[in-house]
Amino acid sequence: MRPFLAHPFDHDKLHEECGVFGVIGVVDAASFVALGLHALQHRGQEAGGIVTYADGPGFCSERRFGYVRDNFTKADVMATLPGSIGIGHVRYSTAGSKGATAIRDVQPFFGEFSMGGSAIAHNGNITNALALRKELVERGSIFQSSSDSECIIHLMARSMGRTIPDRMEEALRKVEGAFSIVAMTRTKLMGVRDALGVRPLVLGKLGDGWALASETCALDIIGAEFVREIEPGEMVVISSDKGVESHFPFRRLKPRGCIFEHVYFSRPDSILGGRSVYETRRQIGVELAREAPVDADLVCPVPDSGTPAAIGYSQESGIPYAMGIIRNQYMGRTFIEPTEQIRNMGVRLKLNVNRALIKGKRVILVDDSVVRGTTSRKIKDMILDAGAAEVHFRIASPPTAWPCFYGVDTPERGKLLAANMTEEEMREWIGVDSLKFVSLDGLYRAAGEPKGRNTKQPQYCDACFSGEYPVAPSDMIEKGFEMKAAE
Amino acid sequence: MRPFLAHPFDHDKLHEECGVFGVIGVVDAASFVALGLHALQHRGQEAGGIVTYADGPGFCSERRFGYVRDNFTKADVMATLPGSIGIGHVRYSTAGSKGATAIRDVQPFFGEFSMGGSAIAHNGNITNALALRKELVERGSIFQSSSDSECIIHLMARSMGRTIPDRMEEALRKVEGAFSIVAMTRTKLMGVRDALGVRPLVLGKLGDGWALASETCALDIIGAEFVREIEPGEMVVISSDKGVESHFPFRRLKPRGCIFEHVYFSRPDSILGGRSVYETRRQIGVELAREAPVDADLVCPVPDSGTPAAIGYSQESGIPYAMGIIRNQYMGRTFIEPTEQIRNMGVRLKLNVNRALIKGKRVILVDDSVVRGTTSRKIKDMILDAGAAEVHFRIASPPTAWPCFYGVDTPERGKLLAANMTEEEMREWIGVDSLKFVSLDGLYRAAGEPKGRNTKQPQYCDACFSGEYPVAPSDMIEKGFEMKAAE
Amino acid sequence: MRPFLAHPFDHDKLHEECGVFGVIGVVDAASFVALGLHALQHRGQEAGGIVTYADGPGFCSERRFGYVRDNFTKADVMATLPGSIGIGHVRYSTAGSKGATAIRDVQPFFGEFSMGGSAIAHNGNITNALALRKELVERGSIFQSSSDSECIIHLMARSMGRTIPDRMEEALRKVEGAFSIVAMTRTKLMGVRDALGVRPLVLGKLGDGWALASETCALDIIGAEFVREIEPGEMVVISSDKGVESHFPFRRLKPRGCIFEHVYFSRPDSILGGRSVYETRRQIGVELAREAPVDADLVCPVPDSGTPAAIGYSQESGIPYAMGIIRNQYMGRTFIEPTEQIRNMGVRLKLNVNRALIKGKRVILVDDSVVRGTTSRKIKDMILDAGAAEVHFRIASPPTAWPCFYGVDTPERGKLLAANMTEEEMREWIGVDSLKFVSLDGLYRAAGEPKGRNTKQPQYCDACFSGEYPVAPSDMIEKGFEMKAAE
Amino acid sequence: MRPFLAHPFDHDKLHEECGVFGVIGVVDAASFVALGLHALQHRGQEAGGIVTYADGPGFCSERRFGYVRDNFTKADVMATLPGSIGIGHVRYSTAGSKGATAIRDVQPFFGEFSMGGSAIAHNGNITNALALRKELVERGSIFQSSSDSECIIHLMARSMGRTIPDRMEEALRKVEGAFSIVAMTRTKLMGVRDALGVRPLVLGKLGDGWALASETCALDIIGAEFVREIEPGEMVVISSDKGVESHFPFRRLKPRGCIFEHVYFSRPDSILGGRSVYETRRQIGVELAREAPVDADLVCPVPDSGTPAAIGYSQESGIPYAMGIIRNQYMGRTFIEPTEQIRNMGVRLKLNVNRALIKGKRVILVDDSVVRGTTSRKIKDMILDAGAAEVHFRIASPPTAWPCFYGVDTPERGKLLAANMTEEEMREWIGVDSLKFVSLDGLYRAAGEPKGRNTKQPQYCDACFSGEYPVAPSDMIEKGFEMKAAE
């Protein structure tokens, strides 16, 4: 069923985590965009799109469901994307709502204005999209998608600005929330980050050309040199003749990048805020070992995201690191369940316990986070089935108790385990011998803040842990979301 | 290559002949729409789309390249189109420009307005679309397609009308050219025909429900009763509670339906303007036999469109009717030409001469029309290769010397054989013993006008033959098209 | 469900009518084979296959479900079929048993022998296949398909013959029934027809190369010259150096070609037994008009196969010929039936009555044959719904009362209308004003036998009408089939 | 290009490593087979097949290119595979020869014998297949594939054995080489291992049913209990009524399982020869640290296969373990290389260096093996580009100097780096500061032989390292392969 959707907030899963990439001044831009998106695939697996421009055919676009490697490696697809400038987007698959996404929800979005066309790719979430959309529809704009990001292109279409960068500035001043945007015209590549800098965006140099990407790992894959991060509140306009022009069109704010990028979203080989993501995660494991030691035989990661923290925990505690759970690298679609049902079949398709290793051992399992807690229970079952003597969970983030409204797909608050239980209740519900989360201060220390969190003016956005939202989510409040009472 | 196209007139082939269908008040509307579109497939083979509405999922849409029978017979596709109201559209394949059509050019078009959504399907061509589009873009509308028809939905979006039918009226008053439109809201089916009634549109009754269709053959397939034609300049709004409401929002004009619908477009089993299309065509053959007799052994149709006129010619002349050319009923895609090339291979894939029959005979070939003339030459070659003694072409329409701007895909004037040659030059170029076209008066007589054409106020639009355009094609004039000088 | 099938006779539908084609001595043989098969598509629509040979890659094969035009027009498919020699096969779709056919049942079949590979394509049916297969399996042959034709290649594999043509001869001497075979080795094209010559096979010349085809229309499409028919009982071996070598390895019999090829199977533009198939069919109409005249207003064919006989009937009777039933040229898959069911929907998808023409008229409908009779009833319903005053059926073949065992897919005897009813009972069951079949003698006269059928030694195989089987169907008798008692 | 192949040895890549699975006595056997094959996907990624048997449809088969998760998770595919008994096979993708594999090469293979059908799935390689095939073809067997495994089913077809298990025994006695086979009849599941037990095969219990699998990880995924390994030279016949019947039809030999299964092929969570594969690999790292210590800052695995040995090396040496190279978990098809080429693009698609971690460090890289050495060079380049101070390679297997003829796809000897260079030459060619392989004795110790390799009677097949082949590869010797001279 692919109904026309009037409003983006009708879905159960409101927002999407995404990856963006753009390049200018290279031969065959689309190939570079495809590589960049491939390196960013972990930020969005449902769909991807690329727009390029070349004299003659004009703006060219391909938007597809599925992995970059399956769509943008085909010669016939790539042949439709000529030109030396291009941008791309990968989009997250929101579990359960797959059917409701139409190809028209897949970015980049394109608009033809009187002075020419423009395409944009957006990572983040616009918190006043509902109000903006209502007003735009009343004035005669026709929306093609259910995406909040489409508001931006309509605001640009209605702007009186004489250039496309002017129109983008004007549009973004009306927008609230989090955005890291890569956009293009026929001759210019643009990058913008909201004033808080919630989502990442980096600049790279590639011969005479330039690249913009959500993470540095996407610069590495194309062999580009990492120049610097786009700063919070900065807008860059890059052209072949003038190079990188920078300005700061928005009101300046104290930056508050998303701390969850360090915990889980970004790839471990990316550099974020001047720090190795891998090293931050390993250091979280060190903090966890200090804050929550336990006597055990083995430290095992829940693959693959718990691995760096497990290494850190092992190194700090001296307890041997081991692969107690093996991931099936061919996991994919859902198999048909045999009539005689298999216990925890969903988890078995992805993970298997290293039985000979685990049997009779006291095992520390290190995972990156606990959301609903259901997966943790199933993993515990598998480990106990294999004969473990004790199971201790150590979590490389504080309890996730609040939804994110800045571009991360989180369940509603009632479904977050930590929103409804104490740590001890969670331990009992999951059914393990002990369960410990790293503290918020421990996390900040691991992320390079030796004094921990500055409670007056936190250095990061940590709303998912603290409930302190740096931008009021106005659409959600309209719909009845209750923010945490001021303390 | 699927570029974004700013303007619909950039293509070599400007316009499309299409078929439209709509139904209200039936269980499983989409199945009826699919059947109706299947019966109208001859009006558009490239692509088709269906939109339905049902409470719950809301407006649902499927637009696909290819035949109705291949897309809208699949259970999974049809399951996405619930509801008791729906409309559909089939679109013509313009040879050579296939690659440039994107799925977003496929109708019905949909727009979400503040009072709800609306979908429209358009047969015809808007002659001031270029000017309308320019103005709409300047005011901030974002076009999704290269289709002239999209102007209508944007004009509706910007209308101040309080209901969707009001908005449609207001939009269509700004539109010039030819249109037969089927449209829908959540609860209403709408049908409109321009004041000249260039393209056909008929109303049918099906139990408690109603249907609108380009031709009566689409009513036959669903077992609906043919009620009447929608009149030129009429707009009907059909709802389950109020039935059919009719009004005439446009300035009244003397109707001038397209005469080529009788010659070629409509199916022979349709009833058009109160007449059997088959009978009109047979009668053209009778007129031809009277106007252009010749001594010969056989009268053979060029299959399949020349068949009724060939029957009429045979009956009037007394020369036996025969199947001298056999059509391959499996014709389709282009085969790879063997290295050692086959003469006239393209034609051989579709037609074969009945050699044993033709050999040594004087053959009259009856065809519906001559456009570029290249096919006529190839057919003549095949007939002569098979040993025919003489070949006489008789054409069931006058010379096609002018392009159509009202919804028919015609080559530019320079490529129309009759725009550049006299009848005798054409005969020589094609290489046949004689070539005769039915006269314009003969055609009018066959179409039910016993006195022939009223030159002061022609009863039909016959611009393709006469060069007399009932509506000035303003966009084309802007682009340099020269109309026939007044006489 | 695609089960492994041990025996070909387990299906409801026993046999298949097929088309075969082969070519040698041309550049890019596969392109010619594809064209030839396209011209023979009416002989088999379910699937097709092509095998070629080229030094280097060796024997190459592609077998596919679907039309030739959809599979063998693709550059990537054709690129896999290099070489200057090739054969091909199209296979009939047996209604209802579609699911049970696997791609491994699609011909040509291939076998690698110690002296090299051979591929064969078979049109006809082997009447002792069941016994042959049983013996071969017991001796260790592994069958890959459920096809009777596969016996031939296994018999060849086990032959002691020193050359492949020798092995084919030896194999075919063990085979009973009807066969027209096109086969190939690396360097030789072979053609064989059984001693009765039941199925057709013709030889054509194309430059320095040669072609073999089921019908002459397949020579026409490639521009080959029709040389002669392969004679009943003849085997030709064609090579580039020695040209066409002919011999007659089987016991000579009086030929008895299938008369139904003239009535229905062959294309009207083919030449069969020195006669135009179209002309024979027109002449059947003439005979019918003489044998079964009736006073009426119109003679209408049931499209498309009844057309030539309807023309003949009209010419002989003087009653005007008219297109009273129009065929939808886009017919195809089955549509989903709307919940509120449409009467005779299956027929409506394919045919529509020309209502304005038929209303109030006495109509003669000419059809090629009556098998189960169900279609005839539905057509009668449509004609009466449209207001016809009288309906008279005239059938261009005698009553079909016996199944064919020589390569034609016929229902079992109990389902043949004429096996169970008299002509008057059939008329009443179908519900028409009159029903008449051409006589067996009339059919023979139309087919060029002025004295009609030689009852002592019939000139054709007409078992489907007469029950006189020229070859005893031994497998079927084993399974309980009762032949007509000798008179 | 998919040519018919007469002989399996014409390919550049001779053999395939595969995985087999079978189950009996469960509801919906195919679902279990699909899960089992999914767990064995690492043993073969090119294609997979499943055969089941159910009364009514009989034997049912689906063979497909691609991953198990993409084919055998579809409801329509699985619905074609009913029954409570089934077997399956996954097949390795031999790089470069993809095009030459046809679907008919995909197992299980099926044969219909006079007493019923049988399907077999084979892991291993038959070393006298060429000779067997030649003899079978001369006697009239028609091969359908280019696979050596097909000989077995033809030998069974020609056997005089009265039961299918008898025929399998007789067939396998004629076969030389390595085989672990899972096979089935309508009512029996069979498992066989050659007398040396080169390839693994294990037995599991699942409720009242039984399973056979290449590895224990495939038992884990379906929740089956691991009962025991099938012994070298054992044949088990399992039926619902009689359970597991075992016998030893072949001459008893001293077992010599493949040691490379421990090094690389088997999954780390499988139990092989009573030992955890993971633990053996970790222990190899320990041995390496003892045999080839080096002063360095980090021990990094080459992901993912080097991970257990890297953990062992780190633990033994005390040098910290770190993720210096990050694998892209979405790696897949080949991307189009941008015109301005990216150095080492192929490797970049799969791996990225953790630059912030590696910079300035002395790095030990642990990999499982070196075959051609080209990948090692590229990884070294990446590490140095990222600023490593020193690079030391440690390899968890001895130098691979000889091809395998028992079911492993290895390049010809001339392309094996270790067949042509000394360790020092390899170090220089790869360009690293040091390169060390574990010793053969070290490997044996890690694999549970405390005294190392018994040179007189080695406990494992290690021909790829030692050149000592336990079964003479007769076909290959015929084709000119020179075995190592006796010492």
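Labels for the chains are A, B, C and D, by order of writing; each one numbers its residues from 1.
Basically, contacts are C-beta pairs under 8 Å (C-beta built on N, C-alpha and C of every residue); 3 or more make two chains touch, one makes a residue touch a chain.
The model shown is predicted, which means the values in this text are computed figures rather than measured ones.
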(request) For chain B and chain C, let me know how many angstrom lie between their CA-based centres, rounded off. (result) 37
(message) Can you compute the centre-to-centre distance for chain B and chain D, using the mean CA position of each chain? Integer Å is fine.
(response) 62
(request) Averaging only over C-alpha atoms, locate the centres of chain A and chain B and give their separation in whole Å. (result) 50
(message) Can you pull out the residues of chain C that are in contact with at least two other chains?
(response) none
(request) Counting only chain pairs that touch, give me the topology of the graph as line, ring, star, complete or other. (result) ring
(message) Output every touching chain pair, sorted by label.
(response) A-B, A-D, B-C, C-D
(message) For a test of understanding, state which residues of chain C touch chain B in their complex under the given definition.
(response) 26-28, 31-32, 34-35, 38-39, 41-42, 45, 67-70, 72-73, 75, 78, 207, 217, 220-223, 267-269, 271, 275-276, 278-279, 282, 304, 307-308, 311, 315, 320-323, 326, 328-340, 342-343, 345, 348-349, 352-357
(message) Quick check: in the complex, which residue numbers of chain B touch chain A?
(response) 1-6, 57-62, 79-80, 110-114, 117, 134, 137-144, 153-154, 157-159
